[in-house]
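Each remark here refers to the structure printed beneath this line.
Chain nomenclature is as follows: A, B, C and D, assigned in order of appearance, with residue numbering initiated at 1 for each chain independently.
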Amino acid sequence: MLDLKSVNFDRILKRYDIQMESKESPEELAARMVPKDPTLRKVAEDVVFMRYKTVNDNVIAALKEYSPEDVIERGLIKGMDVVGELYGRGIYYLPHVMVAADAMDKGVKLCESKMKGVRETRGKVVMHVAEGDPHDIGKNIAAVLLKSNGYTVVDMGRDVAIADVVTTVEHEKPHIVTGTALMTTTMSAFPKIADKLQAKGVNIPFICAGGAVNRAYVESYPLGVFAAKAIQGPVLANKIVDGYDWRKLRENWDKLTAVKE
Amino acid sequence: MAIRRYTKMEYGSPDEMVFGESKYPVSYGLGQTVGAGVVVPEINFAPRPGAEKNPESLRREYVDYITKDILDRAITLGFPTVQLENEHIFQMVNEPEKYAKPVVAGQKELMQKYYDEHDIALSIRHTLADPRLAEEGLRPGMDNKHSYPEKCIHSIEVAAENGADLLSIESTGGKEVADYAILRQDIRGWLFGIGYLGSIDMAWLWPQIVDIAKKNKVRAGGDTNCAGANTSMFMAGGYLDRDIPRTFAAVTRAIASARTLVAWECGATGPDKDCGYEGPIVKAIAGKPTSQEGKDSHCAHADLMGNLIAQTCDLWSNESVEYHPEFGGSSVQCWLGSIGYEAALMNTAKQLKQDKLLRDLYMATDRYRSPEAFILAYDNAYKIGLAITEHGNDIYLRAKAAGITAARLIEDESKAGKLRLSKHEQDMLRKIITDLSALPDEESKFVDQCLKAYKDVPMFNPRNYDL
Amino acid sequence: MAIRRYTKMEYGSPDEMVFGESKYPVSYGLGQTVGAGVVVPEINFAPRPGAEKNPESLRREYVDYITKDILDRAITLGFPTVQLENEHIFQMVNEPEKYAKPVVAGQKELMQKYYDEHDIALSIRHTLADPRLAEEGLRPGMDNKHSYPEKCIHSIEVAAENGADLLSIESTGGKEVADYAILRQDIRGWLFGIGYLGSIDMAWLWPQIVDIAKKNKVRAGGDTNCAGANTSMFMAGGYLDRDIPRTFAAVTRAIASARTLVAWECGATGPDKDCGYEGPIVKAIAGKPTSQEGKDSHCAHADLMGNLIAQTCDLWSNESVEYHPEFGGSSVQCWLGSIGYEAALMNTAKQLKQDKLLRDLYMATDRYRSPEAFILAYDNAYKIGLAITEHGNDIYLRAKAAGITAARLIEDESKAGKLRLSKHEQDMLRKIITDLSALPDEESKFVDQCLKAYKDVPMFNPRNYDL
Amino acid sequence: MLDLKSVNFDRILKRYDIQMESKESPEELAARMVPKDPTLRKVAEDVVFMRYKTVNDNVIAALKEYSPEDVIERGLIKGMDVVGELYGRGIYYLPHVMVAADAMDKGVKLCESKMKGVRETRGKVVMHVAEGDPHDIGKNIAAVLLKSNGYTVVDMGRDVAIADVVTTVEHEKPHIVTGTALMTTTMSAFPKIADKLQAKGVNIPFICAGGAVNRAYVESYPLGVFAAKAIQGPVLANKIVDGYDWRKLRENWDKLTAVKE
């Protein structure tokens, strides 16, 4: 092998990742953002620092002082907000978000078991991967992010037939339906789904994503709203429950999705 | 069919390895020989959206447009040899007689015509789709909804009988566990999914492919771990990405190579598939030819080892590009230009006996660009190969050894050498080493531990693996 | 502005020439230096159809999509330096304030942001469009229909004032005669069109560009003969094409280099533009940096010297690709991957002091692929440079000498060496040598002859050249 | 420089062009195809062998025995047919065709001057290059091929405004209109032209070509018929004067254009 000692690697490549590393620590940021109240703070921190083991106890403690709804909103979800911020700033990576979401999920389940009725979530989302398409990782990530932002997710899985999607939407009456396709030869299901939904008078936004599709394609059929990244799921969903329809989402797409990258 | 495990290296030292040469060259197709002194460009493609509308539109897309364009451009530029790769789409595995057969036969017919008229060496790899769903069942008789396991095997037969020269697949055994683990940075889960379950699944699948190949006098190429290690690599991405750390991706690549080897242990001859980046490791072990891709497959995905990965390839691929027009011709023609010229450069280096030097230039360019590149540099790949062969008969221990060796190589170099890691990558590396070191020495204990830990993983069903 | 003709070679011998180094490196843009030990990737692009609908949609396409994608991918892959090239489209030269200004300014603003945040060396070349029509008049005051000559100059000012780092153009003087001649294989007509008229037109155009550059403290890069020699090359095509013989194309390239040199003689500093393949010849003469393109510009056009042409480049370009999505990102991102990695390979070779060896590998790969490749091999390019400088002060004689030298080099090698020619290429070569040898030794005689012979060529008007 | 002596270049590249070289000579092929009659034969051979200097005399000689129409059809155009065949077989290159066409043109002009009325050609074609687009070589080649196949060509040149094309078509009433665009940013003129023509009730085929356009694009607007190569011009034109409309041309496109490559 050639002797590489003399090589000045800076003339060949540049480690921008190391140069960009955030100086801030998760602890510093969390300290500023978590709730002041010590009981809720513990709950939020369990989420932020992914303490899957202690979250149960801390939620139980909090439930003595606060309603289940409050523990969810002001403790667990607040913690998840911090996680989102850490991710957005490049301090946390995706797996942190996933594991934090697992912890939150555990706490939410506990709270829900103490509630009278059913918990009211921000909204309901039906998700699927196109027929013939096995690529479901992106959809799974998006599902976790939507859940951890307070949405109910009906996950239909992968390789889902067009008719099944339509039936499920009719049945579940969600605020949003989503589709993921990573293959140019499976994505043609989307316009068909959109047509069938419209024919049934369903006019909810149909968020379409996945490597194969792009904005131009998704906007070529009714209902379609493109998402490039899983993290855009909650951003778009929040606007939808605020009353944006698919046309308005399209108009404001550049602005909306620029918020977080 | 007996599985012959690799317990020693076919190459005596890393320096013996170089592009365009392998210990066991393979001949097939129309005058094609791979691994015997010439690097061959391998061009892959995907049909335009809508081409799948009906069998005739799909045939036309693949044969009349894509294959014809490729062959014309190869002649135009004077490339002496080309391999095509057709990755089957869902429709072709779901209804192979209807969708796959006319494509496979049509491509071969056209290739034969060019071979006869121009004497260009030609071959085609058919990469069958693996549509099996863990939640429905991976083995015959289990999937009552779609019968995917049966269809998958049948589509391999259809390809072999109608014109495939080389059979490959990117099998997906264990992926449901690996997918879960990757999002949680759980290296044990990943090892269990790909290193263990994946190897079991391949040991079921590959003897069948080898049989089909033998019966039809074609070649069984190989598998790569697109489902696992490529997903890691893809998600780890480059310097702007923060999905998963690159140290994790690097270690999963090493583990995956212990799995990918199984195809060859079942009797496949190579060349291994492109798409995965396990080539340098498995070639070091088995001496069979491999297809690799890097700087000229950015049409399909970016990577952090675009040159390095050419170091020991026998075919040089573009991975895949959607068929569409460009200023310079159709997309397949454009990318064929790039891979064909790169192969020509390597072949010139061979003719001038400067191939090892060019290999080292490739390698040095990216050696420190990412931890994954670093462990795939041929000297390190060789070391990982050694770790695998030391435990060659134990699919668990060898995968674990591959992972630990890779992790340690990265650790050592990041401390004493030129490989720089971000803080997050370092943290992850430490956690990986800790986690892997804590694992039991016995397969049975490991399996028990994992069956318990991952029993609730969505879609995971031990029966898929006879567990 | 005085024109300083080259009458001697800046390089003492062919072997001194190698990629990534030039006698006169140039600094500009945001921390960019070209020709001083590092090869820089240069990424070009074209907007999607429809993007030209209005100024805002065009700005968005060029700035928010294309430029941002490029910068993100460069950071993602760790490329330490990138140059962008924006070839202006018709709308930008026709209404520069409206269409060009927001694009030029927007790109620079975004580049500044990335430069500040990531310390990546960045620069942008604006290649102004030359919309002038010979039939309407090439000089100011002549074109009453469109005022293209005036608009052309104005658009250069707009670019220079709003953020261009480097000004280039592919000027089209003499093209009307060359177009006529190429379809008739009339080498005299081509020499008159490009070698003579083209050089006259450049001597009018380039002093103005150099002035505008100086006034705005930016760089005047260079010209290439896209209009002529690239059209030849494009039409000569590859081994399936029968439009024009490759020997003709090769000789036109040599003639074109005598013309392309004029930009530098008028005070432009380089780097020369990509797109043309005159780089090796003009660099040998003038020692200024050049941009080249080959195997990684097949998105724009195929060529028969994909590796060879990298031998002495300072920037490595993709020529141009339409912006659109691919599996691996947008098209500009994908091709940036390829050119960026190739540049990295060259830079590694430089660091390891193996650059001359890699240069020779590049060169040897295509030396005998086509007559054009053969005459551009750096040793032959040098010889053509010598022929030009010997008659450096006479734009007619030097262009003729370039052509004859190229033709003779091809003839000798095809007789005694490894360069093979088809019968048709041989016939054409013989005719070229005969035709060129029959030409007078004096400029004035030649001009008289041509003015008579080509007076009926459609669109040709001697007044465009003060004749 | 490295010593290249030992290199086996066959492992690096293959000279398919040389391998494919036709064994047949132009003379052999012409001998079989030109008219038997010695006077017309000379005229045809002048075209085939590009004898710009003798064509005048031979045409004058032929006009003594034959009508101008016959000299054109059975002499000059017959010669051009041979040229087309030689080009199709890879024996002739494009410049042969161009120079032969020049010779034919000269002969045709001479014949026309001896005619009573105007010569009836196979049809009329209006050609142009899109507004803002200077790339006219392809159009020029196509024009020569159409002319030498017996069509009258109205060549509007390059950088032609949309309105001018429409006016010229209205005025000239051609059988065919063609457009060439090599830039993605100029080709959008074509659908506009097609719309305006249709609005005026003009329904002739609009052959569109040039590096920027492709078949899918050209078939996305009415009238549009794609041409990949100049040599397809006469092929399509012949069908058009035979009665094919643009829809029928599209349907048979694959078959028609496969005829000659």
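Rule of thumb we're sticking to: contacts are C-beta pairs under 8 Å (C-beta built on N, C-alpha and C of every residue); 3 or more make two chains touch, one makes a residue touch a chain.
Since we're looking at a predicted model, the values are computed, not measured.
Looking at subunit A and subunit C, the chains that touch each of them are B. Counting C-beta pairs in contact across B-D and across C-D gives the higher total for C-D. In this assembly, the C-alpha centroid of subunit B lies 49 Å from the C-alpha centroid of subunit D. Averaged Cα coordinates give subunit A a centre that lies 31 Å from the centre of subunit B. Distance between subunit A and subunit D, defined via averaged C-alpha coordinates, is recorded as 59 Å. Of all residues in subunit A, those touching 2 or more other chains are 2, 4, 7, 9, 12-13, 15-16, 20, 212, listed in ascending order.
Annotation for subunit C: residues 46, 75, 78, 238-240, 322, 327, 344, 347-348, 351-352, 354, 357, 360-361, 364-366, 369 touch two or more other chains.
If the chains shown are joined wherever they touch, the resulting network has some other arrangement, not a path, ring, star or complete graph.
Inter-chain contacts, as defined above, occur between A-B, A-C, B-C, B-D, C-D.
Note for the complex: subunit B touches subunit A at residues 14-15, 46-52, 89-91, 94, 131, 133, 135, 146, 172, 179, 182-185, 231, 235, 238-240, 242-245, 322, 357, 360-361, 363-369, 379, 418, 420-424. The part of subunit D that touches subunit C in the complex is made up of residues 1-2, 4, 7, 9, 12-13, 15-18, 20-21, 87, 90, 92-95, 98-99, 102, 131-134, 136-137, 140-141, 144, 157-159, 183-188, 212, 217. If you check the complex, the residues on subunit B that touch subunit C are 46, 72-73, 75-78, 237-241, 294-302, 304, 306-307, 320-322, 324, 326-329, 331, 333-338, 341-342, 344-345, 347-349, 351-352, 354, 357-358, 360-362, 364-366, 369. Note for the complex: subunit C touches subunit A at residues 37-38, 64, 75, 78-80, 118-120, 325, 327, 344, 347-348, 350-354. Contacts from subunit A toward subunit C in the complex involve residues 2, 4, 6-16, 19-20, 211-212, 214, 254.
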